[in-house]
Amino acid sequence: MIAALLSQVAQNDQLPPLRVPQVEYKAMVPELVLMGAALLLLLIASLNRRRPPVGSYATFTAVAGVVAGVASWQQWRDVADHGAYRAVANAIVVDGFSAFFLLLISVTVVLGALVSDSYLRREELDGPEFYVLLMLTAAGGMFMGAANDLIVVFLGLEILSIALYVLTAFHRRRLESQEAAMKYFLLGAFSSALFLYGIALVYGATGSTNLVEIGAYLAQNVIVSNGLLLAGMGLLLVGLGFKVGAVPFHMWTPDVYQGAPTPVTGFMAAASKAAGFAALLRVFFTTFGLMRLDWQPVIWAVAVLTLVVGSTLALVQSDIKRMLAYSSISHAGYVLIGLQAGTSRGVAGSLYYLLAYTFMVLGSFAIVTLVGRRGDALHDLDNYRGLASRRPGLALAFTVFLMAQAGIPFTTGFLAKFYVITAAVQAHSYAIALIGMLAAVVAAFFYLRVIVVMYTPTGDADDDAEVAALPRLRLPFGTGVVLAVTTAFTIAFGIVPQPMIDFATEASRRLLF
Amino acid sequence: MIAAAAAEAHNAGFPLLSAMVLLPIVVAAVIALIPRNRTDIIKVVGLLGSVATGILTIVALVDFDTHAAGFQFVTQHVWIKEFGVSWKLGLDGISLFLVVLTGVLFPIALAGPKVKRDVKSYIAWMLVLEGACLGSFLALDLLVFFLFFELTLVPMYFIIAGWGYENRVYASLKFFLYTLFGSAFMLVGLVALVFLSTKGGNPLTFDLVTLADRQALAADTARWIFLAFAIGFAVKVPLFPVHTWLPDAHTEAPTAGSVILAGVLLKLGTYGLVRFGLYLFPKASVDLAPLLLTLAVIGITYGALVATVQRDLKRLVAYSSVAHLGFIVLGTFAFTSQGLSGGILQMVNHGLSTGALFLLVGMIYERRHTRQIAELNGLQKTMPVLAAVFMVVMLSSVGLPGLNGFVGEFLILLGTFVTHRWWAVVASTGVILAAVYLLWAYQRVFHGEPSEENRNLPDMTWRERGVMLPLVGLIVFLGVYPKPVLDRINPAVEHLIQHVQDHSDYRQPGVSAKHEVVDE
Amino acid sequence: MVLAMAPSLPGLLAAATSKVDLLVFVASAVIVLAGAIGVIVARNPVHSALMLVMTLFGIAVLFVAQEAHFLAAVQVIVYAGAIVVLFLFVIMLLGVDRQEAVDQDPLQGQRPTAIALGIIAFAQLIILGGTANWATGNLSTAGQAGGVGSNVEKLARSIFTRYLLPFEITSALLVIAVIGAVVLARKAPAEEGPV
Amino acid sequence: MSLGGEWYLALAAALFTIGAVGLLIRRNVLVMFMCVELMLNAVNLTFVTFSRMLDDIGGQSLVFFVLVVAAAEVVVGLGIIVSIFRRRAAATADDLHILKG
Amino acid sequence: MNAAYLIPALPLLGFLGLVVFGKCLGDPLSGWLATAAIGSSFVASVVTFASLVGHDEHHRSVTKSIFTWLDVGGLHVKASLLVDPLSMTMCLFVTGVGTLIHLYAIGYMHGDSRYPRFFVYLNLFAFSMLMLVLGDNLLVTFLGWEGVGACSYLLISFWFERETAASAGKKAFVTNRVGDFGFLIATFLAFLAFGSITYNDMFDKLHGAGHTTLVAIALLLFLGACGKSAQLPLYVWLPDAMEGPTPVSALIHAATMVTAGVYLMARMSPLLHEVPTVATVIAWVGVLTALFAATIACAQDDIKKVLAYSTISQLGYMFLAVGSGAYVAAIFHMVTHAFFKALLFLGAGSVIHGLHEEQDMKRMGALRKWMPVTSATFIIGWLAIAGVPPFAGFWSKDEILVAAYGKGKALWLLGALTAGLTAYYMARQVALVFFGKERWREADHAGTPDKAELTEPEPVADDHAADGHAADGHGHSAEPHEAPWTMTAPLVVLAVLAVLGGVINLPFGRSYLLEHWLGGVGETFHHAATLASSTKVALGAAVTAVVLIATAVGFRLWSTRPEHPELEPVVLKRAWGVDALYSFIFGTGGGLVAAEAAAVDKAVIDGAVNGTGSAVRLGGTNLRKLQTGYVRNYALGIGVGAVLLFGYAIVRMGL
């Protein structure tokens, strides 16, 4: 075998000269910022023997996130001014769509870091590793958002996932954390194997993994019998559906969300879902756009299942984290409604939904982080009883997030639902629009249940004593900032929706095909 | 339609309507900033806020051009360009009195019943609710309407869940979810309407007037979408058979909540049917009128029957609302000037009389701490003034001529009789049944010899009398001299009926044109 | 059907080679499948690991049979040399080389469903692939695999040009793996304390 | 070389499904993990086969990345397994079901 | 002529004044204020009447508009008064009799804890009644129509502490509402048929409308009249209405309100003229009611119940007259009936009052010695109602029967029979109350423990209240006593009217005063005398003979012995069981239906709602079982998903 290898090396002179592709660094500044910052942090932390000032890791990460965000914004402007382009041998693409996701993921990094700071100190887990992983995983998500090649999608997905497996297991004293990591890892590996097989089948059917090339191939050829391609697409859907928590690939979600350290859950729910949808939307809407008639029914069914299962299962939960996990599943259903429409408006709706959802879910989990207290264990509905009388501000903020998730007017949550519904209706998918709205009714029930509990004083004397024995919840600065930002975003852009709607709409318009 | 556009006078000056909607919400925000324990300041600020809003509505009433059919005081600002949504508010004869009713009822509801717990949040929510209600009545943009329509749920939900009675959690959830269920259909229908109206290159818009004038939908599509709207509004009205949230919500809500719920919120449904059902879908609403009329008639008789055997006084009044709102829907889908005008007038009437009834029941509850009819008796002896006021309000509810309820009911029944004779006849039996259940309830509660627990209850205080006075005054005034109100309602109603005739093959029968009106 | 045929080879030689190929294929296929089945039926995880090695070797042979010489080498080095060793190491470290009761599955219906599912999925793949004539894509999008030039060089060219970015970002993956291993292997600070 | 790629692909499919089934029926997490490796190998075989059939070196490059990913996955996965087994020796996949519902 | 406005306005002012100042005025000032209000209204009526007399006979119909009430679409309704001979006749006797009864009530209600409120109601009633009468269109009439109903309700249940009173009030209102339903529908039909609901417009367009429509309108209005005037089958509320204070019974349930139905029919005479079939129906209903109620009256023991059934019976006569086309006779009888029935009721009130709330005639007797004024006036009333010449009742009844003879001989026969029964039961009443033994002294009151136990603060409106003998628990041992002057004065006035009331329409020569007067209303009031004078005289004589015999028999039977069980069959005592039947159908049956509806509402309709909620929750609970916590199950889920997608691909390829 080795001989064969050597013999081949011998005949290399007949090949054309090697042309290394141009590397457009500006096309991936946000990713590079985060990866660089991660390495830098690792380096500084390992060189520095003294204990750094409190919160410096988080601050560093947040700053890195802000820089990445600014860089993403720069990309957005650049795309707006000079148009979209592909970079690094067509491996990634810089368009409004990618800039949108880059910005979104930067935001999750900033907010995630701010929430994690006090949490990690509370749980005595502080250290640079968490933030390094946070930034790396975000970078993976960004690659997914900017990917122009299935293998880049896959690698981004793996970077995202593998770092998240570790983050999930990060709370070493919580057995749930370990179990969640184990489940997440096994299922994640399984689903990425499926995803990979899907890539392989698509590769076989089209001869390429490059999204543009696949699209071009599909545009130029009519495959009479495209079973393998369909199977490949199906497996791609399995992999990405797993990532976004679409039914029936959702089953890890509640367990992992519940088990993971709460800030990680928040980050996972926001960033990982956003990245998954970035890839899903791009792959299906642009690359397989011509095969929309093939995938629309599937997405329809998946969306409906996701909506129904997510909301009905959330209904019967008593653990807040788990409830929010199921609710995030049902949110994925709404984003899928946008995809199902298969129109530009649909994609815009999905993007807007993700935007609104990111802030709502980060805010929600920030509160859950606080209420969970030391040990990250107090997540039962009963732990929220009477929260309004103890911490009215906190309760009000949570109410805002829950109401927004329920789709109450004058929040971004309503406009998000409204946007995807309009897309569905415009595409004449009335049934799914209606199912979506009815699922919202079911969903409203469990959001309201939490609100009721918060605003109902504890009737039981024992419970009261138990609650009184606990120290008063302190609102750490970082979490406070997160709550302020997320609440303000949710309400302000619910009342003045134009900027964010424009953002999402432009992002969908500047999606490079 | 040109007339309507022309009549849409753009008042360049003070944005009266926006102020009306935003003022209470701003005051609510201000209250949120006042420390919790300064309840005295909070109460004063809250009451002043709602009174000021009430004054704005009265200003609108005074400035209202009586003879114009179109929308007045219109303000319009683009809100979401992407969807062609704009902040467009306007007032016409159909909404005018509902707005005034809202402006009047809220101060009364705030001033009337006392609240013990967490006054701050309570008043803030009430004010938000007021803003949302006014927004719903004034909105001329479908999405803005829908937003306000939905927004009303939140404060009402909190008011029921926070300050209600024993079973409040169940009732408030049911209220919220049921209405949300209805709006789910409505939203889909609404969006479908908007998008289907873009056919032929029309720009995307949520503007009510534009959409109503476009009439771009095929007949059967319009019917489906109308049905979607109708479901949303029917739940809110509530129309049989989607009424069961109402008794629970009413029973468990605190007094002010019940007053507003009955007085204002239910009107959102009937108002919606008129404003959006008839206006946007003239043909479909004509086609489907028999369905809605039938449901209305069932509601009237059925609501009355069920009310008869209720053991809880508030529940009884709640079921009476089912019956009364059946009348309003009946009038709406009669498609005659009388029916429609009567329906709109009756919305106001029902707000006044049922609102007053709930206030009175609340007063009884405050004294006696029960609403069970069986535990109450002989109250007329202990509280003669309250009993007298109750009697007046009850007779108004029964539809006694000379009081407001009669005028509305008469016009509705007459208007319905012109086009749908047998429905009107059956509905008229509701008049009998109303007497049965209300009088029976009155007898059980107020008549007889008071038992020990009911003997030493204080009569109405001066504050309570002050609260009831405007209501009773209006009840009598509207019964004796409804002309000023009807004069303002009529142009808009005539215009709406003309609109329906323009877009469907329906023609309002000219009275006395036919000589033989009973089939031989 | 687009079937890649080495155009430079004479048909006779091809026919002769095909018999050899068939033999190689059948042999390694048997090894691969046997190994795979061995992995999933062996009670002892150590046996499973060894069976895995067998499969990996079989795959490497098939790589060679398809002219992917470099990959065949890497396959053996990375998989058999690193991954499986790591597996065995962990098994030994944790002392979990106990036998698993594989006679029956404690989860009701899991095993029959799984097996049925496997069979169905396989059948479906065959049907789909068969009717789709397997590879239908454009030829040589990333450069020829056969023909002039060595496999290693072609692979290298492809990786450093077309797949430059993916190649670079695998670095992130490796960093994560390192940090992850460190984080996970570290003892919990207050493991003995109350949870 | 004339042996049709479809045979290889079919073999890969079989290997893939065997791996998948193994993951579903085994309780030992290590073995389950090995099954994932089986699946990845099946994918590799598929890639290489397509690479030959399409005469495209890209397929082989992809295998390269799969190898890297597999390695990283193994490191982290085994790390998780180790950290769990330190607390609960000899746990099977089925023993981990606190989180459910 | 503008005094017409004052006719309803004065009682309204009285009402408003009493609402505001009633408490301050107290007892008896508020009573006097109310009496003054209605009294001045009477004066205003007289003035208006006088000015109307001054008009030319054909211009005696004047519409006085106040304001526009409703103006929607084609519907124009003004609140306006129609002043014509018919309405003025009604006004005069309503205000006249009303004033007397107000005066009576000042004494009767003295000492009641809610004294001012009583007069509030009375004045409101007077206002409503006058609006009913004066209304120039169906809607204003309906306003008064319902108004009197409401006042009747309030007054019947005035002593609401008594459950029976409260129930009776409610029953009156609800039963009336059934009739009102007919009125309302008739109004709608009229609007549809004539485009207007103003009487004059309607009558102008009568010939334009179809016959069936007219029949329907007439029948529906008659349904309304049946309710208000207590005709079959809606009469049941009137006997119960006797639970109210006696002045109320006299005013509302004898003299004025119950005649509203007759008034309405008279008002609609042009319409009835067009539809003779309906007239026949009315006549038959009238005569049957008359007979039916008379039979029941024969077996009642309660002094007021007898009078109540008697009222129903007399109202039946009036409808018989209406149905026979003799509107003048109907109005005539209405007026005379108002005199003598008010007299009888007030007399009965005086008796009850004198006996401290005893209403059972079997416990009375020989009262003429103790209550001379009352007994004298009561006897006059008796003779008047019985139709003994020359008392007022004789003339009016005679006229009706003559007209009925013209319409159909069977009607006459039944009418005459009823006249006999009337004479009989009234004789029985007078004999039991004023003659015979002094049974109120008898010690056994075991039969009526309820009455004795009533904690009801009954009117202790006598001068003896001070020396406490009325206060010690309604003792039967107390001596009966005559009533104060405010009560007896109206009795005397009414007695005079009962004697002389006939003069307003004596059937001699040119003296048909009322007929001439009412002729101004319209052609239909010119009752063409189709019968020969001799026939009339013969008929009159026959009836008089029957009446006299019945009177004699009745008096003889009942003045000697108070018990004749064979003459008081249970079925009559129980009023033919109609009440029980109604109570079964509408009380029990309706209650069942309502309870069933409520049960359905709870179980089915709300059940569906809650069921949906539970179903979703159940679905969640079941789906939750899929989330087993076993990672391999989750993987299986993914696998199933993948296989389903493959399956879809296969299907999609059309394999």
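A, B, C, D and E label the chains in the order they appear, each numbered from 1.
As a working rule, contacts are C-beta pairs under 8 Å (C-beta built on N, C-alpha and C of every residue); 3 or more make two chains touch, one makes a residue touch a chain.
None of these values were measured; they are calculated from a predicted model.
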* To do: Note down the smallest number of touching-chain steps it takes to go from subunit C to subunit D.
  => 1
* To do: Moving only from a chain to one it touches, give the least number of moves from subunit A to subunit C.
  => 1
* Could you run down the chains that neighbour subunit B and subunit D together? => A, E
* Any idea which chain sits dead centre by C-alpha averages? -> B
* Structure fact -> Of all chains, the one whose CA centroid lies most distant from that of subunit A is E
* With chain centres defined as mean CA positions, report which chain is farthest from subunit B. => C
* To do: Please find the two chains that have the most C-beta pairs touching each other.
  => C-D
* Structure fact -> When centres are defined as mean Cα positions, the distance from subunit A to subunit E in whole Å is 79
* Structure fact -> Whole-angstrom distance, CA centroid of subunit B to CA centroid of subunit C, is 70
* Where the CA atoms of subunit C average out and where those of subunit E average out, how many Å apart are those spots? -> 101
* To do: Could you give the separation in Å between the centres of subunit A and subunit B, each centre being the mean of its C-alpha atoms?
  => 44
* To do: Provide the list of subunit D residues touching at least two other chains, using ranges where the numbers run on.
  => 9, 16, 19-20, 23-25, 27, 32-33, 50, 53-54, 56, 58-59, 62, 65, 69, 72, 76, 79-81, 83, 87, 93-94, 96-101
* Structure fact -> In subunit B, the residues touching two or more other chains are 177
* To do: Spell out, as numbers or ranges, the residues of subunit C touching 2 or more other chains.
  => 70, 107, 110, 113-114, 117, 121, 124-125, 127-129, 131, 134-135, 137-139, 141-142, 151, 154, 157, 162-163, 166, 170, 173, 176-177, 180, 183-184, 191
* To do: Let me know each pair of chains that touch one another.
  => A-B, A-C, A-D, A-E, B-E, C-D, C-E, D-E
* subunit C contact footprint on subunit D (complex, rising order) -> 1-11, 13-22, 24-28, 30-31, 33-35, 37-38, 41, 44-45, 48-65, 67-72, 74-76, 78-83, 85, 87, 89-90, 92, 94
* Structure fact -> So, in the complex, the side of subunit E touching subunit B is made of residues 67-75, 114, 117, 139, 142-143, 145-147, 150, 153-154, 157, 160-161, 163, 165-167, 169-170, 173-174, 177-178, 180-181, 184-185, 187-189, 191-196, 205, 208-210, 212-213, 215-216, 455, 590-591, 593-595, 597-598, 601, 605-606, 608-609, 613
* Asked: Which residues of subunit D touch subunit E in their complex?
  -> 20, 23-25, 27, 32, 93-94, 96-101
* Structure fact -> Touching subunit C in the complex, subunit A uses residues 1-2, 4-5, 7-12, 14-15, 18-21, 23, 35, 38-39, 42, 88-92, 124-125, 129, 132-133, 136-137, 139-140, 143, 149, 151-152, 155-156, 158-159, 162-163, 165-166, 169-170, 172-175, 203-208, 210, 213, 217, 221, 223, 225-231, 375
* Sites on subunit E touched by subunit A in the complex -> 613, 616-617, 619-621, 623-624, 626-627, 629, 631, 633-635, 637-638, 640-642, 644-646, 648-650, 652-653, 655
